[in-house]
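Remarks on the structure that follows.
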Amino acid sequence: MDLSFVILVEVLYGVASLVLISAGLAVVFGMMKVINLAHGEFMMMGGYATITAVGLGVNVFVAMLVIAPLVVGLIGLIVERLVIRHLYGRLVDTMLATWGLSLVFIGLATMIFGNTTTGISTPIPGFAFGGYQVNGYNFFIIIVSIVLVIAMYAVLRGTRAGLIARGTMQRSNMAAALGYSPDRIYMMTFFCGSALSGLAGAVLAPLVGLVPTSGGAYIAKAFITVISGGPSLIAGLVSSATSFGLVSQFFTFAISPVIGEVALLIAAVVLLRTMPQGITGRFFKGKL
Amino acid sequence: MGRNGSHDVIITLVVSALLIWLLPLMISTYTLTVLVIYGMLGLSLGLIWGFGGILCFGQAAFFGLGAYTYAIAAINIGESTLPMVLAVLVPAVFAALLGAMMFYGRLTDVYLGVITLVVTLILFKFVNSTAGPQYVIGNARLGGFNGIPGFQTLNVPGDPSAYIWGDPYFYVCAIALVAVFLLVTWLLRSSFGRIAVGIRENEVRMGLMGYDIAARKTVLFAIGAAIAGLAGALFANWGEIVTPKLFSLGQSAEIIIWCIVGGLGTRFGPIVGAAGLAYLKFMLGQQSMIDNTLIMGLILVLFVVFLPRGLVPAVASLLNSIFGRTKRKPRPRRMRTARHG
Amino acid sequence: MSLNRRELLGGAAALSTAAMLPSAAMAADTIQLGSILDTSGIFDAYGKPMDQAMRLAVKEINDAGGLLGKQVEVAAYDTQSDMALYSQYAQQLTRQDKVDVVHGGILSASREAIRQTMRKTKTLYFYNVQYEGGVCDRNIFVTGVTPAQQVEVLVPYAMKKSGPKVHILAADYNYGQITARWIQKFVEENGGEVVATDFFPLDVADFGSTITKIQQTAPDLVFAPLVGGAHLSFFRQWSAAGMKDKIPLASTTMGVGNEHKVLTPEEGNGIMVAYNYSQELDTPANIAFKEKWQAEYGDTTAIHELAVSTYQGIMLWAAGVQKAGSIERDAVVDALETGISIEGPAGKVTIDPQTHHATVDVHIMEFEGQGMTVIETLPQRAPIDTQAVCDLQANPGDNTQYEIEI
Amino acid sequence: MVETVLETSGLTMRFGGVTASDNVNFKLKARELRCLIGPNGAGKSTFFKCVTGLLTPTEGHVYMRGQEVTGWQPHQIASLGVGIKTQTPNVMDALSVHENVWLAARRFYNIAEARDRADAIIERLTLSAIARTQLGQLAHGERQRVELGIVAVADPWLVLLDEPAAGMSAQDVDRMTEIIHELTRFAAVVIVEHDMQFIRSIAQTVTVFHQGAVLMEDNVERVMSDPQVRAVYLGKKA
């Protein structure tokens, strides 16, 4: 009984963390068709922004939920203005550019922070449940990702900006026809996507050993989750994160973490083979 | 497409002969060898991506598979001829199966990219977790993260003690690259190659003409994998060790970068991109002032902003504008945007 | 932490020397020391301080008048964490720069990528890194500690502090596999029991399920030779789950690249380790070393086990050259095989003639406030693991990395 | 007796709850020219896609020259000698006119013969002057003509055209009509079309689709004057 509760928490955490690490990429790819290979590095910078802010005496939650997304969002904005905006509609070139950027960020982080930056501890203590210790911070991550999904839905569904964004997503000249500059919309989208990546990196920072090359661990997983989700932004993200999270955690507990990761990858192959357009290419068509 | 095929072959041979003669005077043959091998690896992706429209995020899988096949076979056989053949065949067969699975499943664009990426990751994770003594193929320990060192390297066929290494090995690799280059040239000029380009341009139309798209893409994919496998085997011989890093995502990304930097849709571009960037990396390693990762990243970003079509097309159009020749018009690289839904 | 001006200038100087070297031309009046390390890319946490230590040692030698009346020149290459570059630079160093000795290599795979080149070209090679043991080759000297040297002393100490039931979490590669077997052996010899052993490839970063599993096996002690950035997450998540005060941890790898400075004091305090070096080592030699480092680089926080091994490796080599009175390889090897020793920052280091490995002092330590506090020092521990398989006195032609049967 | 080259029986296609094609029975004789008309969403295009293999029908059968081809891939159907043109211009933009046509011919003939046939049809379509130009640089009407060349180059016995005259100038349409008439000397032709003007000028028999099913099938003039057909069209417009 105690064990099954612990496992349930871990499984939920697995799903939640997938949602979290994929959200930023999903926004940027889903709306702009830009594969941001520097996504992992945006997360890494979110982590460093948090650590730095906490070091300066900022409350840890403020640092994670406000400062890190803002800082990384601004970095994203600069990158978009300097580089990405010259490359819209050129998938291949954005890949090269963002790969180059990821190397630049790794190099800069190494020069600024070095390799032995002291991280932050989880602000929420672990607690005992029956005979087991449970990581209390897992609940925080689960809640953050639920709130994140709801907020994304609310923004896209309920606000004017969301409406325009959805229009742009379906037809890039739509916004222009409605009198909005697509340039501005792309800029805002990239800002939001980067901020979400920064948020993910910040929230996960207390659980990982952060080094400048940490980002590389996320990009593949996030990319697989986003693409497998298919065209619908939120439904795709949630459905694929849930399927992969369940599969990988099941095998992780049944066998080992390595088998869990391999199971995730095999699930992705099977899924895309049976649904060549991703999950939402077949189900939940036309949903958000 | 001109009919002056033999003319082109002669030019290729003369230019390569000159390069093979001149380059060792400037760069050590050992470094040149690996540049040549990377060039071949770049060409393998340049073929299937630039001319077949197949964006493969996992070309490193075939490279690594070729290298590991060679290493494992060489340990078990103790002679290099058959392992070399196997190192070409195994990736080709693997790619044919993978390709058939993908192309008959009508996977395209980024979805295809993700599958190839995932397969590469699976191979990487598998090989990376074989450190234990239970992972053995014949006499070969797979060795996990540390890889497999100490296998029989290339020898004169039939004589295991007559090793080919040092300068002669460079010439073997260089000639292999020239052979592969000519093969690719011939392939692209043949009906098969022209049809492949047609498929890259418009799959639906080619299907409506009566071409079996899936079968043709599978064959092209397997040819690309065979070339990558050959490059892998040559790499294994060169480095005398194979490690899981050959399968890694970073390696795959690097191959993609080579193609873009060199110029997609050209035969020469990926070779130039691969050799150029690898040599740049080699040169950078001799300085310790600024973090090399940073420099490499900056170069790539500047590149994509200022030379978006890649090096070879840019140089070609520059030459054209200077000499006013219009005979060989560089085809602008097609930017495939991801189609969704 | 950040790049300061001194570092920049030092680097610039090094660059210009390296670039201007017309290699063989100068060989007559200087001694060439080659260095191959990952000073950028994912392994730079290990490589950068090693590079600094190497330059510090060479500077010291030169300031003291050089070797055999000649200055030592450095030819250093950054392999950027790319295995292929190791092979390339090894060729460059041995065939073009024609250096007299090569120090370098970090991962075991990188060592194996260049070891045969060194042997073929008769270039003396020093590998200054803690590793799994078993390399038996007359051309190589290894100055890092090997698992048996650490585990032999750490296991009894850790078991005495906790209890007999041990759960092992090891990095899934050669080093981890072999270390796990040594831990098992010494746990059993000390009357304990290994309840479970789990291996993790170096990119695993999520340990939630593992922490649950450990609670099921309910050990008295967790032995965690985990390696690299991703594995650091274990220590974080362990503490986040509140396990830190329930089951003690011991490791043979945590802290080698100063990883303990990434953990907060609350997360790290109490983890038991055993190494050759600690920054907190309160000996005159170490204090002097730190002062020299401070003067050169302005900040001593980067010093770690591998950096000190590198420093000691270069000093051992220098001692060998002095004793041989020549830079010729066989003469230097013979001199080193006399059982030569130096006093390094970490204590006395002696070359073991039988294995070409090092006999070193091993310190049992515990993390405390992001430092390693020395609990007990066990002087002059021989490399018993490699000794079991390798005898270069009897078989000087040996050229194998043995997998030690335990 | 004239051979039936294309036949469907009970052809039905459903998307979720929507029946886009409802129990269509259709017959086409050799060298016949037939137009399929109907308002938007009447199921003409779905029917077209089911016949060309771009969609697999939910129910029913498709026969070509007596052979069942239900569920075949487009390339298998094309390999039988069927020329297909889809709605939007579907060509290889980065290749030249000649290369486009040559690729279509190469499927059925050897290299040299494919070249000769491509040359011939380019000549017939009066495209010789731009034979080496990339398609991406051509005007819409020219591209449509090239695609017709692609369809016709391999001497098909059945030609399926989806809106060949869409977006063309009057002059282009005239030329198109001419080419299609030429085609019918050897092949049966099915044209899906909106443009009544064009249909009047070209068709003899017309099949009217409405709500997925065949509403009527008759001579063009009679169809045009049929009140039911008019109601369908006008009703849709209103």
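Residue numbering begins at 1 within each chain, and the chains themselves are lettered A, B, C and D in the order written.
Just so we're on the same page, a contact is a pair of C-beta atoms (placed from the backbone, for glycine too) under 8 Å apart; a residue touches a chain by one contact, two chains touch by 3 or more.
Remember, it's a predicted structure, so these values are computed and weren't measured experimentally.
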- Required minimum of steps from chain A to chain C, each step between chains that touch: 1
- If you tally the C-beta contacts, which comes out ahead, B-C or B-D? B-C
- Note on the structure: Chain centres from averaged Cα atoms put chain B and chain C apart, in whole Å, by 36
- Could you put a whole-Å number on the gap between the CA centroids of chain B and chain D? 42
- Averaging only over C-alpha atoms, locate the centres of chain C and chain D and give their separation in whole Å. 74
- Message: Centroid of chain A to centroid of chain D, CA atoms only: how many Å?
- Response: 47
- Counting only residues that touch at least 2 other chains, which ones in chain C make the list? 40-41, 44, 172, 201, 203
- Query: Listing for chain B: what residues touch at least two other chains?
  - Reply: 125, 129, 290-293
- Note on the structure: Check: chain A positions touching at least 2 other chains come out as 107, 110-111, 216, 258, 261
- Item | Which pairs of chains touch, using the document's own definition | A-B, A-C, B-C, B-D
- Message: Taking the touch rule as given, give the residues of chain B at its contact with chain D in the complex, in rising order.
- Response: 1, 191, 194-195, 197-198, 201-202, 204-213, 331, 334
- The chain A residues in contact with chain B across the complex are 33, 35, 37, 83, 86-87, 89-93, 95-97, 99-108, 110-111, 216, 219-220, 223-224, 227-228, 230-231, 258, 261-262, 265-266, 268-269, 272-274, 276-278, 281
- Item | In the complex, chain B residues that touch chain A | 55, 101-102, 105-108, 110-111, 113-115, 117-119, 121-122, 125-126, 129, 249-250, 253, 256-257, 260-261, 264, 290-301, 303-305, 308, 333, 335-338, 340-341
- Message: Quick check on the complex: what are the chain C residues that touch chain A?
- Response: 1-3, 40-42, 44-45, 48, 172, 198, 200-201, 203-212, 215-216, 229-233, 235-237, 239-243, 246, 257-259, 261-264, 266-267, 301-302, 370
- Item | Complex contacts: residues of chain B adjacent to chain C | 28, 30-31, 34, 125, 128-129, 131-133, 143-147, 149-150, 235, 238-241, 243, 245, 281-282, 284-293
